[in-house]
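The first chain written gets the first letter, and so on, giving A, B, C and D; residue counts start at 1 in each chain.
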Amino acid sequence: MSILLDKSNRVLIQGVTGQMGQFFVEDARKYGTNMVAGVSPGRAGTKVGDVPVFASVAIACKETGADTAMVFVPPSAVLGATIEAIESGCRLVVATADEMPVLDAIEVRAAARANGAVFVGPNTPGLISPGKAKMGFMPSFCYTPGNVGVISRSGSLSYEGSKRITLAGIGQTTVVGIGGDPVKGTTAAEALALFHKDPDTKAILYLGEIGGSEETFVAEYAASSGAKAVAALIVGKTAPPGKKMGHAAALIGSKAEGHAAKQKMLRDAGVFVADGLGQVVEAMRAALARA
Amino acid sequence: MSILLDKSNRVLIQGVTGQMGQFFVEDARKYGTNMVAGVSPGRAGTKVGDVPVFASVAIACKETGADTAMVFVPPSAVLGATIEAIESGCRLVVATADEMPVLDAIEVRAAARANGAVFVGPNTPGLISPGKAKMGFMPSFCYTPGNVGVISRSGSLSYEGSKRITLAGIGQTTVVGIGGDPVKGTTAAEALALFHKDPDTKAILYLGEIGGSEETFVAEYAASSGAKAVAALIVGKTAPPGKKMGHAAALIGSKAEGHAAKQKMLRDAGVFVADGLGQVVEAMRAALARA
Amino acid sequence: MMMLECDAKRLLASVGVNVPAGTVWRRGDAAASVKVESFPVAVKAQVRSGGRGKQGGVQKVADRAALEVAAKKMFDTEFGGEKPDVLLIEPWLAIERESYLSVAVDGRAEGYVVLYSPQGGMDIEEGVPPVRYEVGAPWNFRVHRLREILEKVESDYQWREKVIALAQRLVRSAAAQDCTTIEINPLVKLSDGALIAADAKVARDEWAHFRSAEINAEREAEKGRADPYLRACLDMQHMYVKLDGDIGVISGGAGMTMGAMDMIAELGGSPACFLDCSPGPTSTRGYRPAFAMLDADPAVKVILVSVFGGGTQMQRVATSMKEVMAERKSSKPVIYRLDGTNVDQVDGIFKEFGAHNHATLETAVAEAVKLAGGAR
Amino acid sequence: MMMLECDAKRLLASVGVNVPAGTVWRRGDAAASVKVESFPVAVKAQVRSGGRGKQGGVQKVADRAALEVAAKKMFDTEFGGEKPDVLLIEPWLAIERESYLSVAVDGRAEGYVVLYSPQGGMDIEEGVPPVRYEVGAPWNFRVHRLREILEKVESDYQWREKVIALAQRLVRSAAAQDCTTIEINPLVKLSDGALIAADAKVARDEWAHFRSAEINAEREAEKGRADPYLRACLDMQHMYVKLDGDIGVISGGAGMTMGAMDMIAELGGSPACFLDCSPGPTSTRGYRPAFAMLDADPAVKVILVSVFGGGTQMQRVATSMKEVMAERKSSKPVIYRLDGTNVDQVDGIFKEFGAHNHATLETAVAEAVKLAGGAR
């Protein structure tokens, strides 16, 4: 099994007529993602590849049974597009866009919660359930089906981390990018809860960063009774305090948000913590050995 | 019967230790209003008259069974106090305050709707169910029990109008001031619906003004099948366009908001329209004759 | 509180809305100090009342000399009773089309409403009514709901998407800045397809003054534009609208004040003003400047005091009247009709200074009309 | 984007928050042009980094002469690596007590959180942690919820009510103006009981630039403060943090950039920077200024290009590298590790200009560390 995404998701693409939308239709379809509709106001009736384009998410859902949305619109339009998808009945909405104002993310998160939908984003590579479907631009060769759930705050780090375990023969149920922004559509806590319930997920790999408090969710989960084994990597050992390291949330604002404090907190909670990328496979193996 | 307010309401006063709060406790109790609690953060444990003071609405409701709130706090604090009352379970919340920012009124209205409560205000004299209870400073001698429901956009105009029909022997079920602001806790439409359902209310007197669109609700109601008879007075025949006549909503912004257009709309809908205060009793009698 | 167009556009620009790059010419500025980069330009009288366009308050001028002539004339012209203290000079726009967009507080919408019309311009009220999107609380704005509504009237989808994004910005800004209206008319499509707010009206909620230094400053500026009599009234929170007649009305409550005005007209008289004293202190301190203003106004022949009080107690009002009359110089007649809480104590107090309280509005108004010169 | 204290206080004042009546002294202003009404005053270095108080960045001066001495010295001092271009001069406050209030975006709160501590001041991080009120979406702020929380730690109810009203204002303003943090520390109670924001930190969300002219201007100003090399990088949306080491890192993605930095340290080297080029164009146009900046930086001995791309296609990055190298003057060694989408096309392109693509980050970093002078 997997979380959130598999072959049953019927995917529509908002902003499908843009460059990213068109590339996604081709790339994700190749991987097996079930692409059923595109949405582009003003372009209804046209096609992108063989995907029919509709004027609104509501119409696309009605006509094609779409239940999952991938959003490719400019940052200032993400708010409107994601809420449209959520309120038109999509159960999963993914917006990879960076540069989304945090206030907009707050609004989308509130709307998702009110409608029982899952929002993944912003500032995320998306998610992939290897061998089933992907929603994002992740390089497919980094992944293979298996029994580890991967959660990452960063895009390319999730490619790197996944490739490492894949090459070591460790496959994944789902790899989900929760994003580098402070307010997330799906938090580490929520992703952990989903993996916890997934019978095929035996252990979890968490790829985190300095800054913010997301890692406290991971420690809380790992310390809870009956938790699945967790391995983790925290990058940013060499990041100075008080500086934003690319991601809005990657800023050491207090001691607790620093690298040493996070590693200690995770280790104290029973997480198998890799000391650098070179140890990810080792930590993962240790976690699986306990699983 | 009556609408919204009778002897069953258990009333708490927010801002009870202020000058208005104290006057209200005395005046409304004299009329028969069932006053059970006061709220004043920091003054819990004291009394105003024989009314015990609590730190929060939630505690006051729990301790005294209060279910109705009268809010006497400064304009900038009305938002917080009314939402506290609504979310602590009060079914009726009255805020007479003028000078409440319209955005705050919008928020309170949304909260009332979400919680199934009724908000009356802002910028209103409150409401009175003659012979039963009053929530406001209206002069008691202007009212007598009877079978007319009165709705007014203006405070003193409702005293004047009510006194005129009272002196003519026409009593009231309830007189409700919906207020002079554009966004109302209770609209004319909602007050009409309540009077429509009240078996003791035989006819309705609506006291309106130029500006805004509240009167369209009245026309819509009067024209609907099975509507109770409605008499109305619209003041502001001599008001110039484009000027705010005291109330934020009393501004003729378009022809439809002018005096002549409103009178015509109401007459066309079958409302008995008084041409000036001097004709209110006559219009009311005509309405009752049809009732 | 209506803002001047130049201030409204400053607000719009601050939230990223495209507006013409204007220059402001204040009354008294030396012509030489007003920099204009290129001609032709629009010269626009900055007044708060509407309809300026039809009164010559917007002019196209082709060169510097014409600008100075037009400016001089505009500074000396009244538009809707108001002489401009400021002119706005803007590059003349290459207009491809004009539409209409506004965001306003609306009772029926229980909050904000968005209005759009594909045709904008001066005659908006005469044409097909704009389409309405009832937003309600500002956080309920939905791009896809507005799109659904606009699809029916606006066929240019690229323009439509620009309008939607703009409307979203305006609703957000209206809430953020306590605006009750933001109207862009015309909303212009330039020949290069870009969107620009060619004219803008913004009204702000004066009751939000405690959380906005700008609104607070605007309220003070409004008082500053008033004459000293009116300023004293505004300092007491009185609400005043000048009218054409000769019977001054001192009243309490907006509805009742209009009710008295209407009855004056009905009985053949003519009200000189709307003057609602209830928001301020209903005491000697509060009423004193109201009488001072009406006493000083040569148009006012008679003063009608009409107060029907609930929380305002009549024995206090009566005492205030006694005190004001004791210090008053003017001999303009004053007619009283006090009613409401504790009205039974009024006659006793009135007796002390020889005043008479009318039992009904009808008799009070009739006497005022008679004293003002009788029914016309 | 952190605002200077003086700008943060201007923002607070604009929403009706009480702040000291300060005067701004900009570098280069003549001393005589700086008006101070009365002494003593606080002279405060305006820098974006924290901890200024402990470095002498806030001084009490008793007279004009002392002010000028203190100002001269402050303009020449670095606080957290930053020389102030502006000083803020404020009346010295009669402080009765200091507390702490902030409103910030918080992941756990799914939106805004309000933090309050009855004791404010410089050592806030060392003391009892502030109490938290998780607001979430800004329209969910509830006066009574915050009151419940504050009742447990703040016994002065009059002060408590002032703090609650202020917090409400701050949440509203943070949302209205896209602030991610508004921190008032200390929040001061004056001897007359009034509340005043003695110091303030405001951070704004740079991604809201499209709806805020102020944020947009601040972004431009930030670029303006950068040297021309960095400015060219910022124009390309690159994200850069200077570090102490000698291995320049050109990378894509914040996490992967830090991962590479950490591995450099692990293998005995030292990163010279965090430079994430993924937000901008990953083309020759995008990478050119990144190389130009690192080539010009004398501290950088080696450049490590580490890109693991998904949407970013490696054959394009490889071609960009070829083009950049063809025009590049510097002879600093460049080590490559490209991986991700279409990585199989990289070797062919690299062969054209004699470059080698490392298969793993480990070998790439090891070579960079060796070239930079070996493990220390």
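The rule is short, and it goes like this: a contact is a pair of C-beta atoms (placed from the backbone, for glycine too) under 8 Å apart; a residue touches a chain by one contact, two chains touch by 3 or more.
Small disclaimer: the values here were computed from a predicted structure and weren't measured.
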Message: Quick check on the contact network: minimum steps from chain B to chain C?
response: 1
- prompt: Counting C-beta pairs in contact, which comes out ahead: A-D or A-C?
  reply: A-D
Message: Quick check: how many Å separate the C-alpha centres of chain B and chain D?
response: 52
- prompt: Quick one: chain A and chain D, Cα centre-to-centre, how many Å?
  reply: 26
Statement: In chain A, the residues touching two or more other chains are 76, 107
- line: Residues of chain C that touch two or more other chains sit at 137, 139, 175, 210-211
Task: Pick one for the touching-chains graph, please: line, ring, star, complete, other.
output: other
Field: Each pair of chains that touches, named by its two labels
entry: A-C, A-D, B-C, B-D, C-D
- line: Counting only contacts in the complex, chain C reaches chain D at residues 13-16, 137, 139, 169, 172-173, 175-177, 210-214, 216
Query: What part of chain C is in contact with chain A in the complex they form?
result: 139, 142-144, 147-148, 151, 157-158, 160-161, 164-165, 168
Message: Can you tell me which positions in chain B touch chain C when the two form their complex?
response: 20, 23, 75-76, 98-103, 106-107, 109-110, 113, 125, 136-139, 142, 152-160, 163, 180, 182-184, 187, 207, 209-210, 212-214, 216-217, 233, 235-240, 242-250, 254-255, 275-278
Task: Going by the contact rule at the top, pick out the chain B residues touching chain D in the complex.
output: 41-43, 55-58, 76-77, 79-81, 83-84, 87-88, 107
- request: Enumerate the contact residues on chain D facing chain A in the complex.
  value: 49-50, 80, 105-108, 110-112, 125, 136-138, 175, 178, 180, 205, 207-208, 210-211, 239, 241, 243, 251-259, 261-266, 271, 274, 276, 278-279, 307-311, 339-341, 343, 361-362
